[in-house]
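Structures are listed in the sections that come next.
Two complexes are shown next, each including chain A; its partner changes from chain B in the first to chain C in the second.
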Partner chain A sequence: MKAVQISFRQMLVFLKNDMMLAIACVAPVFIGSIFCFGIPRLEGVVTEYFKMKSILKPYYQVFDVFLASITPVFYCFVAAMVILEERDDHITDALYASPLGKGGYLVSRLGIPGLLSFVITEGLLLAFSLIHVSFLTRTFMAMNGVLQGVIFSLMVVTISSNKLEGMAVTKLTSLMMLGVAMPWFLPEKVQYVFWFLPSYWMGKAVWCQENLLVIPAVLLAGVWGYCLVKRGRC
Partner chain B sequence: MITVNNLNYSYTDKPFIRDMSFRVSRGEIFGFLGPSGAGKSTLQKILTGMLPDYQGQVQVHGVECKKHKKDFYENIGVDFEFSTMYEKLTARENLNFFSSLYKKKSKSIEGLLEKMGLAQDADKRVSEYSKGMKARLNFIKALLHDPALLCLDEPTSGLDPTNNRLMKDMILEEKAKGKTILLTTHNMQDATELCDRVAFIVGGQIMALDSPHNLIMSRGARTVTYRWQENGEQTAVCALDEISTDQRLQMLIHDNRLLSIHSSEPTLNDIFMDITGRALV
Partner chain C sequence: MRMEKLIAGDVKFQRKYGFYFLYAILTIIYITAILAIPQSWRGKIVTLLIFSDPPAMGMFFMGAIVLLEKSQRVLCTLAVSPITPQEYIASKMISVSLISLLVAVSIALAAGKDHLFILGMGTVLTSMIFTLLGMIVAVKIESLNQFILWTVPFEIIGFGPAVLYLFGVDFPVFQYYPANICINMVAGRLPGGLKIVILCIFIAILFGLAQKSVLRMWNRLGGAKL
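Take a look at the complex of A and B:
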């Protein structure tokens, strides 16, 4: 456990030396503030301009679910970039051949950041949510966001062979998050095309206000995670 | 210390390491010699518990490598072929980090840096280090927690002659302290000088295993080469144990007509070529 803590602290030192990744850590706070303060103002402006009662308001939930998804994804993106750079520099081999081991390394690079991003997501949803959601729903949203974030980083690490490729794969992989918006924009029959995305079920859970729909999201995240770890090069 | 019995390993369906068996005793320097892709590094990864999907028995300190616990690494120091340091951190920061992963008290970082001639550059970022400096730093990292087993992969690669000598002296110093050392190398000279025993590995198999001296002596006879002047410069070679029966040499010595004479013995590389049918260096 001591080795895991030290390894995680080392990751923080690493971030101190990498401005891009350090900025990525505070980006969710900016996004949350923009959603919270910018969207209602924008709603005011557009409804007045188009003389309509509401335009963006029916989609406020989408912004909340999106914030719950993007926050852990940012932290897991940072973790994936650190893993890739450590792999590029052959540091992972040295860490595997130490008391930290492969398991400890993955806990320090994916487990702890995932756990922290869960707490941060809860906090950001509490602070910046556009609609009132219950504690349970908020927790489910944060949990699902974290699972998605871990899948995201596993995918980036598995597909890419270096940090440069990782940046490119990140853009492609982040499309997986779009599943959250499908229940609002696609007819029910069509939206099931996205059943394999955990994010779709999270969106569906919020749209239907049915917390049980979190179960398929968690199960699917488990399957994705298992397949990626099995195939993985991390 | 290390026992390997009927080891087989494969990355694909095709066998890569085939039926390897050997033992390494405490305090021994054991060399793995072979061309690139022969299976040396794979073998080292198996011995350090990084590739658990092998068949056969591989025990280090009495622990089966595929079933090792985390404290397994408290007594193993691995010096990888490539630099395994954070490039954006200084040498000192790197060493502090890696030593803190172990429960054992670390050796003096200052002392080791001083010994390896890196004390002046301890606060430089590793990205500013030359290849040779990185190799020395990697070696220090493997020694930090004072492990009983050292696995060194091409430790002298990229070193200038002075630092090469320094590194070899450090390796011999560790051996004198009773450490067991596994040395993976292409460099036959280093192997001859350092290793108590060497294993020639080609195509995932051990082709020969003995001390460098025995390998050299068993396969090749020492020879004497001499030159003299007779219608231009002439050269002849005779076996060292037949020197008294070489009439021409006797006559040249008697007439004081020899231009030069020197004895030579085959190198480990000659033996490697003889046994495996291919050159290593």
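Take a look at the complex of A and C:
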């Protein structure tokens, strides 16, 4: 446990040197503020421009689910970039051979940031939600966001073998987040094409207002996580 | 000949690390999304999409490209070769613009856009600007997180005014802002002579800055502190 703590602290120092730590504190609040205060104003602008009654308002829930996804993904993305750097510098192999081990390394790089982002996401949803949701739904949204963030990072570090591939995979995996919006934009029969994405089930849970739909999201996230760790380039 | 080989090397590098594959998938996704939106919205959204993604890839990937080249000692090799910083930068600009152009034209064709030549020119010029900005930032940074952080202000400066301009927010000098001239071209509108001159001067200035930065980076490569 001490090794995990030291390893996490080491990552914080690395991020502090990059100024990324300060940004990590400010950015989610900034994004939340933009969503909360900017979207309703943007709605005013675009409805006037396109001469329509409402354009974005029916999709306010989508923004909330996006906020719940983006915050943990942001933290896990930062951690994934650190892992890529460490792998390119051959530090990872040395850490695996230390008392930290592979499990401890993953906990310090993805587990702890994931847990922290859960708490932050919960707070941000409480402060910046466009639509009022219950505590339970909010918790499920934050939990799903965290699972997605961890899968996202695992994909980046397992599929790619260096920084450049990492950036390319990041761009591609970020599309996985779009699953949350499918229930709003696609007909029911077509949207099931995205059944394999945990984000789709989270979106569906909010769209149907049915918390039980979080179960397939969590199960799928578990399967994704298991496969990615087993594939094991990280 | 040297230049051709450099470009071919960069294209090979980008293909090897999945740029072409990535953008093939993204193009399919973008086209599917565009075809799903109402016709009346399509024009502006296609312009916004083409302006904000394919030409901006230089900015997005340049940090990773330069850092990887540093860690693989590619830059050390280039620095002692007859290749000049101008050729190095130009090769990156051309190879990245090529993918941007392919993606932009594919999306525009699928969306039924007219004035493909102007759109293509706009895409290439925008791509050059973003690649040069990416290069200026990339040579100064030590890590990917640092690069992502440093590109944020450039993205805000690059995209913010252009998006506002596209949706009709206009001030007297706003139309001469380089990003706005580019988005106008991507929208298929031919800019006037003065605007083209402004764009060329802007690119030349960025090229000069990038050249200085690359030269400084090459001079610092290698050796050890004792």
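One rule holds for everything that comes next: the second predicted complex is superposed on the first by the 218 of 234 C-alpha atoms of A that agree within 3 Å, B and C clash if a C-alpha of one lies under 4 Å from a C-alpha of the other, contacts with A are read in each partner's own complex, and residues count from 1 in each chain.
Here, a contact is a pair of C-beta atoms (placed from the backbone, for glycine too) under 8 Å apart; a residue touches a chain by one contact, two chains touch by 3 or more.
Keep in mind that what you see is a predicted model, and the values were worked out from it rather than measured.
Colleague: Please indicate which partner A:127 is in contact with in the superposed arrangement: first for chain B, second for chain C, both, or neither.
Modeller: In the superposed model, A:127 contacts neither chain B nor chain C.
Colleague: One more residue to check, A:166. First (chain B), second (chain C), both or neither?
Modeller: In the superposition, A:166 contacts chain C only.
Colleague: Touching A:49 in the superposition: chain B (first), chain C (second), both, neither?
Modeller: second
Colleague: With both complexes overlaid on chain A, does A:190 touch chain B (first), chain C (second), both or neither?
Modeller: After superposing on A, A:190 lies clear of both chain B and chain C.
Colleague: A:208 in the overlay: touching chain B, chain C, both, or neither? Say first, second, both or neither.
Modeller: Touch status of A:208: no partner.
Colleague: Mind working out whether A:91 is in touch with chain B, chain C, both or neither, as first, second, both or neither?
Modeller: After superposition on chain A, A:91 lies in contact with chain B alone.
Colleague: Could you figure out whether chain B or chain C reaches more residues of chain A?
Modeller: C
Colleague: Applying the document's definition of touch, where does A:99 land relative to chain B and chain C: first, second, both, or neither?
Modeller: First partner only.
Colleague: Per the definitions at the top, what is the overlap between the chain A residues touching chain B and those touching chain C?
Modeller: Of chain A, residues 14, 18, 89 contact chain B in one complex and chain C in the other.
Colleague: Would you mind writing out the residues of chain C in touch with chain A in their complex?
Modeller: 17-19, 22, 25-26, 29, 36, 41, 60-61, 63-65, 67-68, 71, 142-146, 148-149, 167-168
Colleague: Going by the contact rule at the top, pick out the chain B residues touching chain A in the complex.
Modeller: Result: residues 48-50, 70-71, 73-74, 76, 78, 80, 82-89, 93, 97-98, 100-103, 141 of chain B touch chain A.
Colleague: Give every residue of chain A touching chain B within the complex, in rising order.
Modeller: Residues in contact with chain B: 2-3, 6-7, 10, 13-14, 17-18, 89-91, 93-101, 104.
Colleague: Mind listing the chain A positions that touch chain C in their complex?
Modeller: Per the touch definition, chain A meets chain C at residues 14-15, 18-20, 23, 45, 49-50, 78, 81-82, 84-85, 88-89, 162-169, 171-172, 175, 185.
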